[in-house]
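One structure below.
Labels A, B, C, D, E and F are assigned to the chains in the order they are written; within every chain, residues are numbered from 1.
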Amino acid sequence: MRKRIVTLGEIMMRFSTPGHERFIQAGNYDAEFGGSEANVGVSLAYWQQDVSLISALPENDLGRAAMRYLRTGGIDTSYIATSEGRMGLYFLENGAMQRSSKIIYDRFDSVFSHYEGLNVDWDQVFKGVDWFHWSGITPALSGEAASLCLRVLQAAKRNGVTISGDINYRRNLWRYGITPLEIMPELIAHSQVIIAGLTDLANCMNIHETSFQKACQKAKDRCPSIQLVATTERESLSASHNRLTGHLWGKDQTIQSKTYDMPNIVDRIGGGDAFMAGLIYGLMHRNQKEALEFAVAASVLKHSVPGDANFVTVDEVDQLVRGENIGRLLR
Amino acid sequence: MRKRIVTLGEIMMRFSTPGHERFIQAGNYDAEFGGSEANVGVSLAYWQQDVSLISALPENDLGRAAMRYLRTGGIDTSYIATSEGRMGLYFLENGAMQRSSKIIYDRFDSVFSHYEGLNVDWDQVFKGVDWFHWSGITPALSGEAASLCLRVLQAAKRNGVTISGDINYRRNLWRYGITPLEIMPELIAHSQVIIAGLTDLANCMNIHETSFQKACQKAKDRCPSIQLVATTERESLSASHNRLTGHLWGKDQTIQSKTYDMPNIVDRIGGGDAFMAGLIYGLMHRNQKEALEFAVAASVLKHSVPGDANFVTVDEVDQLVRGENIGRLLR
Amino acid sequence: MRKRIVTLGEIMMRFSTPGHERFIQAGNYDAEFGGSEANVGVSLAYWQQDVSLISALPENDLGRAAMRYLRTGGIDTSYIATSEGRMGLYFLENGAMQRSSKIIYDRFDSVFSHYEGLNVDWDQVFKGVDWFHWSGITPALSGEAASLCLRVLQAAKRNGVTISGDINYRRNLWRYGITPLEIMPELIAHSQVIIAGLTDLANCMNIHETSFQKACQKAKDRCPSIQLVATTERESLSASHNRLTGHLWGKDQTIQSKTYDMPNIVDRIGGGDAFMAGLIYGLMHRNQKEALEFAVAASVLKHSVPGDANFVTVDEVDQLVRGENIGRLLR
Amino acid sequence: MRKRIVTLGEIMMRFSTPGHERFIQAGNYDAEFGGSEANVGVSLAYWQQDVSLISALPENDLGRAAMRYLRTGGIDTSYIATSEGRMGLYFLENGAMQRSSKIIYDRFDSVFSHYEGLNVDWDQVFKGVDWFHWSGITPALSGEAASLCLRVLQAAKRNGVTISGDINYRRNLWRYGITPLEIMPELIAHSQVIIAGLTDLANCMNIHETSFQKACQKAKDRCPSIQLVATTERESLSASHNRLTGHLWGKDQTIQSKTYDMPNIVDRIGGGDAFMAGLIYGLMHRNQKEALEFAVAASVLKHSVPGDANFVTVDEVDQLVRGENIGRLLR
Amino acid sequence: MRKRIVTLGEIMMRFSTPGHERFIQAGNYDAEFGGSEANVGVSLAYWQQDVSLISALPENDLGRAAMRYLRTGGIDTSYIATSEGRMGLYFLENGAMQRSSKIIYDRFDSVFSHYEGLNVDWDQVFKGVDWFHWSGITPALSGEAASLCLRVLQAAKRNGVTISGDINYRRNLWRYGITPLEIMPELIAHSQVIIAGLTDLANCMNIHETSFQKACQKAKDRCPSIQLVATTERESLSASHNRLTGHLWGKDQTIQSKTYDMPNIVDRIGGGDAFMAGLIYGLMHRNQKEALEFAVAASVLKHSVPGDANFVTVDEVDQLVRGENIGRLLR
Amino acid sequence: MRKRIVTLGEIMMRFSTPGHERFIQAGNYDAEFGGSEANVGVSLAYWQQDVSLISALPENDLGRAAMRYLRTGGIDTSYIATSEGRMGLYFLENGAMQRSSKIIYDRFDSVFSHYEGLNVDWDQVFKGVDWFHWSGITPALSGEAASLCLRVLQAAKRNGVTISGDINYRRNLWRYGITPLEIMPELIAHSQVIIAGLTDLANCMNIHETSFQKACQKAKDRCPSIQLVATTERESLSASHNRLTGHLWGKDQTIQSKTYDMPNIVDRIGGGDAFMAGLIYGLMHRNQKEALEFAVAASVLKHSVPGDANFVTVDEVDQLVRGENIGRLLR
């Protein structure tokens, strides 16, 4: 059954070096599009949900290409504003073995970072919507983006929409003079489901705990709207070999997923977004335990797909959860 | 020493997505040629045997390209008929990690599937031939192909040629109104060597056993021509990581090969055909135990070579059997 | 702090098949440049040292391209002679799994192999130089190259430069009528630091020992200039999976590095040169233990970088030595 | 202003050899999608019109990829049926100089060719639609396709939609036992605007004239619905160099466009569809003379864009019509 | 004979779509480096002149890659400052036929645009320098860049260096609140040689003339330092076909070069910079008439070379000037 | 009707830069095979003639790849010797516009240049052969190659085979101490058909004439075996634009072909060999006038095909001769 989902965030152009070339070696770049919340949206749309993205893009051919990318995925683009300005970019060097992958962001001063969404009737946007998803990247970009985020969250809440937030603390953002603690707690307080690890909770909610359960409890104490806190535990043996486990805290229990070994990673970018999308999908259509397993399996499969987006079907995720056909040749 | 080998089967154009891209991502495809029996032939020709392929191709540039591919490999193409019609195709998405590889066949109604070989003097073809190889794919395609297969098998038998058959049961073929059980036993009854696992024997000979040895014995009971039954046991940990063992049943003993760990698979398509080719080569030039080890090692090396064909030399296979120089840099 | 380093050796054009294609499959080749001593130089220049290469190149566009490659890396090319003639080449087939990588050399009769360096004031070249590095490949190429090597070594020694030599015995070189034992001992006797395994010492110094320590002691007995002997121990599980350990012998102690597991090798060519460069860098700027660990870690990272050269920074090597951030995504 | 346009036709996967390689040379193929009526639709959607495509695609990943391609272009895909079966394909060899481009079709027995559209309420489809476009390719494919075409044309006519038809006679289609003259006149009789040259009118309406004007008059005599007949005159100096002129016949006058010289053609496939789209756009938004000039200029620009689709904006076409900025570098 | 040349300007990363793909089609981009003054410098260095670039780059891998690109070309990079910030970028869509090439700049807020060069002893920089080259792009970027330009020009003048300026008026720059007329005349007044067409002189010197000679005379009247004014006249028949003529005004005469027909353009970006470099080279080493012919021929050859830089030798330019070997196969 | 043709010559590996990149820009190379006489053979085999190549190749994977290339084309390789040694190579930079294409040969000391063919029964080779073709490149390589050429020519003559020779004088070969005049006249004296222009006749037969007819008559005076002399006149407007005319001298008349304009050349390498192959084919199957027109048209079409070999059919050549379908899209 289709649900209506709205998400908010920047979509960037992604330039990645081919194979395992380093930045200083590359004579050409693969060009795709990505962004945390857009990745979540693309997954959900691929799983036959109705998804709209609130965003802003430049009025040039790069912006138009981004728009086409979203439409390809079946995402409704009617809430994407366009104006003169620049496209957010990021450059990816795909690591291997003991050598880390590297990202250089070049998203400062993008059209999205200046977009405030003042002329939109946000209540109208959220009529009939089942779920709204945001992440901590948006308020980290600029004052305008932070106030857009708050404005949209308030409208979603007013309209009774379920809200999830991926806290996603990134130290090298937050450069516009505000610390996360000044704004994130208010935003988080609108959300029922959050993805947050200990570092996120420390930096964005000032919760300093070494136990995930205790930290989650404290988060709920401060933001009583929170019903569920999810996180992925990633053991990074090398850039090519990770292990992944999901955890989901609820007020009654904390559950843990199967652990997946991933010794031949193709592209780990978007792995967290695939988890988020899987969790949203699972919570809308399954029970909590199934939702967590679905989320982790979706994330695992993402590591086998090049690009930001997780082009795997619900069936493929379900088969991995059940341990069926793993790696078999399907004719 | 060169032996004369004839094989029968369809050669298709193979379009595979680059790297680990999914079908829906690919903007270009690698184009090669492949087909189970042609792959066996290309291996044997690469090992300096005289190989002819009985097949049929369209009279257009794609058909001519397939013909050139075979000639490159040193395969005699004088028994390949051409006529108007279409080329059989298959599309390959190369999996990775827990994500399976996928094949979409588009071979229905190909020139080969309509070829009956009525105007050929098949006895002439088999004069002086040492070995004939066929597979269960041909009779699965169409009534015409099935009767061609039978006609050719009869001629081979009349001329005292050793015959091997790769049972190769594929559920998604057999669409022309006949079940395997109606025709495969008769075809198998012409063969001395077959490759068959439990599923193959169940579907094509109605033998339902859980023990490979018992199943083989029953197969021989029904088709006394059978001297040897071989199979590969593939443990699929992921699309990138398999383990491979070969088994060879004879009336006196069942032998088992070394088990090879394959944690960084490049291209597993054609792995079974490489085993078959290795077995034929081994049985023609070595003893049974050596033949089995040669076959498995040939198959392992195939997994490191992109494309359907197994471009590895007899020396390279022998070195792997002996455990020499594995993965060393050869200058 | 920048040191001044001079190295001597041939730089070749390297043609490698894309991905894991075999030579007989390749329709195009990646074209780069490499050569043992140049690779050492490129590493050291990448680490902000002042490096000059003594070499010779053809006066054509391929030679000019090689020159540009060196300049890109910041290597001083003023000691590179040019003349009419051919460029040394090598062809690389990148193995995978149990299939070995293969190199076909085509360096015979190159401009470098005819270069004797008669008109250069070598004492002038070595004024103010801290370190000179050579390898056993140069004297293996031709009589002219061997006498050039000796001439340069003598000048370096006269000027009090620290000298390292990578013995690097290769059976398929040494085709000009001289055996290594006729010339290598004299060349080695100019060096303080050598890289040599048991095979190298056997073939180039006639030392036949099974213990690395004893062999090193004997080497020092014959060539008292030798202060340190280093070697890497490479366990080759497959072309895709090696393990690497470094050993460093000094008169007081033999030390051993951490062992690194490398299960997803991208390109192992240049791994030994990366070790050599790391050792030189370490011995110039750190203590012996640190130098050895730096050298091995540098070599490990090289296996993740396509091409002959090791484009990793001092920071990246140091982080690997400390076990920090291994394979983490760096934003 | 947006108009609502519906078109009917097959969309195929297009495999083209890279650069100017011949079929027998190609080791990989560029993969795109195309088809005459879909190309018209993509142009019109690119020009901000609301476009729906009536078609049928296989229920596999290739069909899904075609669907995504259409959505990228902003085409509504809700009238595209899916079922088991195969995708229509075509293979393109891009000629150069005196060497012609070649197309090999492999569209027989595709899902589209079996689609009859029996369960659709076609009157519902055409509510509020401004324009319907079909081509003579559809009825040439199969009896099912021909009856689908008639059924859809009748519904369009019933609903007062303006209808255009590209006669597009192709000798190598029409293989299902019907000649064009048995069915095309009835289909044409539903249309107000047709694209047809003398060969088309001869083969599909049995009109044998050497004067375009007289032939058009006769066509109107037989099918009084016809208001306009357009055609392009293409002078083919070589595969790389064509000249193009448009002609438009109406009952009062025949007008002729500027002639464009095209000496550096990039990709001529889809040039006729670009003309058709331009004509529809022009007739909906401009006068007849302007429509013709717009159509020819759009077609000229198509020849500079790789692929079937004409990704040029209305502004770019208008500038070419005005002769502005031709070939200038736009910063 | 080598001359010492200094130039000032931004070097950007250039992303161009492959072949003739449009921005909205491209799935990968060729990545190179370019910038008007750097292009001039690369040409001159390729012609064996000593060239230094004054510029600023980000302290990240993209900046380091740009630095390596310059070193490859033999350009001295010791006057390039580095700091945190972003790299200037530009995106190129290579037109064909009647479709124009398009550039999207994304250079706002780059490290270079913030660089003021306050801590450099510019008099030291210009000791022994023969020629300084600047362009009107630098003062168009920002107030900081404009004051850097003036500061550097003053130092060059103080040290008796010959100065050339490429006026290069671009309407879409100059966004920081200053008009060209407020600053360009002062900058131009430091220069002996300028490249300027009528549009440049109108916008940057307020000279409105339709005769090039009269406009040049007026320019000299206002800025008596001007000795020579050069310009190229480009007839743009299409993006693939241009014609080029050079003009050089001096106080005694105006000379005109041969006109070159260019019907198969490969890459026209950098054509103007190639002319500028040719003019500087010619004025340093030849007479004025020869200099002009050299400049135009250099520019013509640039149109055959992909990328911003003009990799053609002095010999190749001279041969074109003499009309020798044009298009012959050179073995 | 099939004729039996033997040709003698070296086949080299050809590395060409992609697109129009210069040698110093290329990061990868297209790898193919070519050589004047092998190109002639590949054309003739493509036209269904029985062709054998006398040659020699190294016993390594590059040699094996060359062998496979020949077999792909249907060329009999049983007269190709193999031995240790190196492969002849050549590097191609594909020019454009006024910039010439460049070739760097690296064929010195190849296996072929050392092959003398002493152990072959050449009379046996020429039994039943209709035509033998050689070129002046072989005797230009080395003394061994020259004596092989003579030995083979004598055997061909003894066996009554028609002989053609492409004089093909190249100044930069002939480096082994012999001038063409010392050996070419004797070789030419075995031939009935030669391809030679005025420069060839001057350098290889010491005939200095400005009239082609007079030069041919003198050639026949000296070598009475000569019946026909052919040549192509190539007007090189640029690397992208040539014009081509063929001339054929016989004792009774000199005939001239149509002139073809070629303004969009794809790859001109092998154009002369395509002419030679066309002439041989024409003289074997048509009259002299038709043969000349066939040869020139074949050569023209070669310029549209990438690579050394001329993959165009007899039908395609005939259509161009008749002026049919030129540049039309063939469906």
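To be clear about the criterion, a residue touches a chain if its C-beta (ideal position, glycine included) is under 8 Å from a C-beta of that chain, and two chains touch if they have at least 3 such contacts.
Because the structure is a prediction, the values reported are computed rather than measured.
K.L.:
Fewest touch steps from chain A to chain F?
P.N.:
Contact-graph shortest path, chain A to chain F, evaluates to 2.
K.L.:
Centre to centre, using CA atoms, which chain is the farthest one from chain A?
P.N.:
Most distant chain from chain A: F.
K.L.:
I'd like to know which pair from A-E, A-B or A-D copies the A-C interface, where a copy means over half of the contact pairs are the same by residue number.
P.N.:
Answer for A-C: the repeating interface is A-B.
K.L.:
How many angstrom lie between the centres of chain D and chain E, each centre taken as the mean Cα position?
P.N.:
For chain D versus chain E, the centre distance works out to 45 Å.
K.L.:
Would you mind pulling out the distance in Å between where the CA atoms of chain B average out and where those of chain E do?
P.N.:
Centre separation, chain B to chain E: 62 Å.
K.L.:
Between chain B and chain F, what is the gap in Å from one C-alpha centre to the other?
P.N.:
Distance between chain centres: 41 Å.
K.L.:
Considering chain A alone, which of its residues make contact with at least two other chains?
P.N.:
If we look for residues of chain A contacting two or more partner chains, we find 22, 24, 27, 68, 102, 263-264.
K.L.:
Strictly by the criterion at the top, what is the full list of touching chain pairs?
P.N.:
Listed in label order, the chain pairs in contact are A-B, A-C, A-D, A-E, B-C, B-D, B-F, C-E, C-F, D-E, D-F, E-F.
K.L.:
So in the complex, the part of chain D that touches chain B is made up of which residues?
P.N.:
15, 18, 22-24, 26-32, 60-62, 64-65, 68, 86-87, 89, 91, 93, 102, 104, 106, 108-109
K.L.:
Flag every residue of chain B that touches chain F in the complex, lowest number first.
P.N.:
Interface residues on chain B, with respect to chain F: 68-69, 71-74.
K.L.:
What residues on chain D touch chain E, complex-wise?
P.N.:
Within the complex, chain D touches chain E at residues 260, 262-266, 300-301, 303-307, 311-312, 316, 320, 325-331.
K.L.:
Mind listing the chain E positions that touch chain D in their complex?
P.N.:
Listed in rising order, the residues of chain E that touch chain D are 19-22, 24-25, 95-103, 105, 170, 172, 236-242, 263-264, 268-269.
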